[in-house]
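Same chain, two partners: chain A is paired with chain B first, then with chain C.
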Partner chain A sequence: MRLFSRANALHLGLIALLAALFFTLPAYHTGNLARIMVLAVFAMGYNLLFGYTGLLSLGHALFFSAGMYGLGLAMHLGAATPAPAFLAGLIAALIVSGVVGFLALRTTGVAFMIVTLMFAQAGYLTILYFGSYTRGDEGFVIQQAQRSLLGIDLSDDTNRYFAALILFAAALLVTGAIVRSGFGRTLVAIRENEQRATMLGYDVQRLKLIAVVLSGVLSGASGAAYALLFGYAGATFATVQYSIFPLLWVLLGGAGTTIGPLIGAIFMFYLIDYASGLTNAYLLLVGVALVALTLFASQGIVGTIRARWIRWLP
Partner chain B sequence: MTKRDTSRPSLSRRGALKTLGATGLAATALSGLSGFAQAQSSAPIRIGFQVHRTGIGAAYGRWYDRSTTAAVARINEMGGINGRPVEIVAEDDGTDPKRGAEVVEKFATQHNCDIAFGTLFSHVVFGSAPRAGELKMPYFVVSEGHHVASGALNRYTLQPGITDVKSQVQAMAPYVADNLGKKVTMIFPDFAFGHDHRDYFTAAIEAQGGEVLAHIAIPPSETSFTKYFPQIPRETEVIYHVMVGPAVLTFVKEMGEFFGPSSPEIFGFIDSLEAVDLASPGLEFLEGSYFWEGNPRYAQADQSEYDAAYRAAVGVDDNGASVSDPKDVSTYSHMFGCWETLNIVKRGMEAAGYQGPDDRAKLIEAVEAMSDMSHSLDHPQGAKRFNGKTHQTFGHQYISKVEGGKLVVVHTTSIEDTLYEDEVDYTTQAF
Partner chain C sequence: MDFGPHLILAILEGAVTAAVLALTAMGLSIVFGVMRVVNVAHGEFYMLGAVIAWWVATVVGAHPALGFVAALVIAPLVVGAMAAAADRLILHRIDYDPERTIVATIGLLYIIQQGTLMTFGPDARPVQPPFNSRIALPWPEWTDGAFAWAYPWGFGTTTYKLFIIAAAAAILVALWLLMTRTKAGLIMRATQQDAEMARAFGIPVTRVYALVFGLGAGLAAMGAVLIVPVQQAHYLMGGDPLLLSFIVVIIGGLGSLPGTVIAALLIGMSDGIISVFFSPTLAKIIATLAVAMVLVFRPQGLLGKRS
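Our next item is the complex of A and B:
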């Protein structure tokens, strides 16, 4: 793996572009981009499992919310500062994804989808059940005064944008390195033909569990960052809707591409944002656009570009 | 000290020319400025309306929209605010807290709104309020949640046009204990809205010498309720229910089948049946039962002139349905909050001499300074008492009985019944 490969150049260029956009875009769009970058980390986590390992989960909202509540409850109830609270979010996502992965990976295919969906639903109901701590569906606010990391106020627009960018950059470079490593190539081998990977001597079950946990921790990092940067944690983020979103972002952007999750998240965000300005029936427009994209660019935006024009895209 | 030379003329020719030139320039500049000021002063006041057009709050959103449109039309007919017309910029938040925060951001940074307004569902308020605070955007919610008065939010978030659930629930207990019974069983959805009722009503009925015999929490995903009714203790005198959502019709029907003709007294919150026609099949069992109403849905025999004018302005008939479609039942117990909040915003902006976003803090201070508001067309639901420290208003509550398929008011609480101790003082927070 060359350090200065075209893939690395693309990733670093994208990070530099995102940094430059902060100084050129109007405030509304930089605010949106900060959100999108955090959510793109969620999509990257999902992509690692779906796009590279071939496991379609319908329960990633559980991992996102594990990170969100790990951080949120530590700050809201435990009065923790952001750094240890963020670590608590990562640990919560690690434990939850480890347990879910261990149990759900006893199934495959459609059964895996259903089991992950049910775990996520159980997680959502657990948040509601412990409403006296979590405030259930209403959720809770993480006060502005608490959201200060090493003296840096993360509720400030500039600081928030660059905190989101740092998280996004770290996730992009790490996933970029993972998917081009031997481990990443083995995940692709499992996706392409699991039996062949098993016959070649790989411990497929263990590798898939590692993929679930990595995917879960990335999703949890996104959830924790969302709560920290935007000051709110609530059970809505644990609903099935938030398991479908990363799937859509990855499908739209391009499954099995490193920058596809970001492109998919941007596309979906602005599709909803602009369509809702045109008509009240914007969800219909969004649905038609998604169907059209799936029909005519089934590999997603970046996937189609890679298939047709730029073969080296990571 | 220098001695002044008085032998020279005080104004030289060059000086006079300079002065004339400067005066001319100043006059030109001032006339330009006054043109600018004129443009500023005639530009509309833009109110970002965060509306639940889709998602679980859509029925409420539809009526919040109509109530808001009617209120703004009236304000503009009266000359607008500070001589400027009011313009509503509506954005759908999908009844989702994440989108809610994005919409608040859109109001502030893209639509250049002066304030944000109109949110109902508590989780959307919780999701949006932090962003409103960071953007220093006054955020007037119409939610009836206890979130504002509990101190969980920030100085930029206010709820001056609708009372909160804590005061509503607390004010019901004296009537329930004195007229319906002291042994209560509560049936509520097992999420925050239900938990608020559980906690506040239990404390309030105990203060009246009553008790809650059983708390029956129904999981939100439940579609059939028959298995829960046997949990109701036999000695129950009153059933208190606050079920919401699409399953409420099934809930009422199954409760009717369970009890038959000999049921305990039944008391509910109209939230269960907002936008639902009381003549819907299965609701016959509610005949003779009692409801909290924020604002009486059916025009009462002693209807005030203000309620009549408000109904006419929004387009609601005497049965609480749309004048153009009797099946389109309003959310009458909540939507008045939009109308009243906008009138408070008008008074607040006028008191603050509001000119633009730089005066947002002055607007909040002006609203914080408000207290008693009389029953009027600005406040058709009834008089209000706003608490500037907690950013929460207090007002009369109504208890109605279902008689002949209509809700008839049998009791009106005083404002004092609804008061509780302050839990926060937002005025101590810096802007």
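Our next item is the complex of A and C:
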């Protein structure tokens, strides 16, 4: 893997573009973009499992909320500072994804989808059940005074934007490196033909578990960052809807592409933002997009660009 | 009330839940059995059944019984036709690929749910039951060493709830006769066993699939029409039946019809009983985890045979 490859140039260019956008876009859009970048990390985590390994999970809200509540509860109840709380979020996501992966990977295909869905549902209900700590659907606010890292106030718009960008950049560069490493290639081999990968001597079960855990920790990092940067944790983020969203973003942007998750998240975020101004039934768009994508464009935006024009897109 | 009457009451409520659940889950099970696809939008077809029942009852006006009977006929037919159309327009085109079907039916779920929100609105709306007289139930009591029948306050049921149970049983028997005694049933079972071979023998598999998908949705709609006089029609009412139907179909063994009925009774009754005595949230947590574990360790279902 060369350091100055076209793929790296693309990723670094994208990060520079996002940094430059902060100074050119109006405040409303930079606020949105900060949110989108954090959510794109969630989508990138999902993409690692769905796009590269070929495992369709319907329970990623569980990993996202594990990170969110790992950090949120540590700060809200334990009065922890952001750095150890963020670590707590990552550890929570690591443990949850490890256990879910270990159990769910005993199944394949449709059963895997339903098992992950059921685990996520059980997780959501658990958050509601312990409502006296988590405050259930209502959620809790993380006080502004607590949200400063190394003396930097993360609730400030500029700091928040660049904190989101740093997380996004780290996730993009890490996934970019993973998917072009030998390990990443093996994941693609599993996606393309699991039996052949097994026959070639790869420990497919173990590799899939690593993929689930990596994907879960990335999703958890996104959840923890979301709670930290926007100061709120609630059970809404653990509902089925938040398991469907990353699937939608990845499908729309292009499964198995490194920049697809961001593109999909941007498009869907603004589509929903626009539609919610028109009607209260804005989730209709989610449905139409899902059906249209499965029917007509299973490769998504970046996937189609790669197939038609720019073959080298990572 | 004492424990005894409480338990009987819970069992009666559980039986009503189980009856409706059996119909809804049977729809999901037939679709999975014949077409080998999981329909995530199943709960929304249930919701549509309830909403259309409200609409029919409102339009017919007149006597509640007339509106109810009209709804019981019209709602499943309309919902079935819509499902069959969705099958031809969407599922057929993606060639019933199991994973893409799930994604597409999730999309369908949002389209139906949000479409209903736009037209029917966010309010819950009631449907009048065709008849609804209270039956107070007796309970044996010992007073002063003598045996007597007491009628504890609030201990009873309604004629309509008993009717739900009877009607669901009748529909299930009719379905069983359809599957085992008619040519249509034979064709469905042949398609279930081997779609390729069925096609080779001249069975129009595409049409069978559309009909089966419609039949599955129609069964959910029937269950909803039966329950809607007890529980109001609302655009978000499809969530719980979907989850419970999933649980039933998985516990009963994917695609096994007798297994589905037994599991529906088991889950419906225990859901009723557990929710009366324990926290419903805890009951749901245990149920969803149990289902996940069944799928992980016994994928053929508790009652299904290993293939």
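In this section, the second predicted complex is superposed on the first by the 294 of 314 C-alpha atoms of A that agree within 3 Å, B and C clash if a C-alpha of one lies under 4 Å from a C-alpha of the other, contacts with A are read in each partner's own complex, and residues count from 1 in each chain.
What we mean here is this: a residue touches a chain if its C-beta (ideal position, glycine included) is under 8 Å from a C-beta of that chain, and two chains touch if they have at least 3 such contacts.
Predicted model, so just to flag it, every value in this text is computed and none were measured.
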Which superposed partner A:V99 touches (first chain B, second chain C, both, neither): neither
Contacts of A:N32 with chain B and chain C, given as first, second, both or neither: first
Which superposed partner A:T236 touches (first chain B, second chain C, both, neither): first
Partner chain(s) touched by A:E138 [first = chain B, second = chain C, both, neither]: first
Which of chain B and chain C A:L283 touches, first, second, both or neither: both
Partner chain in contact with A:L128 - chain B first, chain C second, else both or neither: both
First (chain B), second (chain C), both or neither touched by A:M118: second
Touching partner for A:S155 - first (chain B), second (chain C), both, neither: first
Footprint overlap on chain A, where chain B in one structure and chain C in the other make contact: 125, 128-129, 280, 282-283
Interfacial residue positions of chain A with respect to chain C in the complex: 56, 58, 103-104, 106-107, 109-111, 113-115, 118-119, 121-122, 125-126, 128-129, 244, 247, 251, 279-284, 286-295, 298
List of chain A residues in touch with chain B within their complex: 26-28, 31-32, 35, 125, 128-129, 131-132, 135-142, 144, 155, 157, 230-232, 234-237, 272-273, 276-277, 280, 282-283
Residues of chain B touching chain A in the complex: 53-54, 91-92, 96-99, 101-102, 105-106, 109-110, 122-123, 126-127, 129-131, 133-134, 145, 147, 152-154, 190-193, 195, 219-221
Touch list for chain C against partner chain A, complex: 38, 90, 93-94, 98-100, 102-104, 106-115, 117-118, 122, 243, 246, 250, 279, 281-282, 284-285, 288-289, 291-293, 295-297, 299
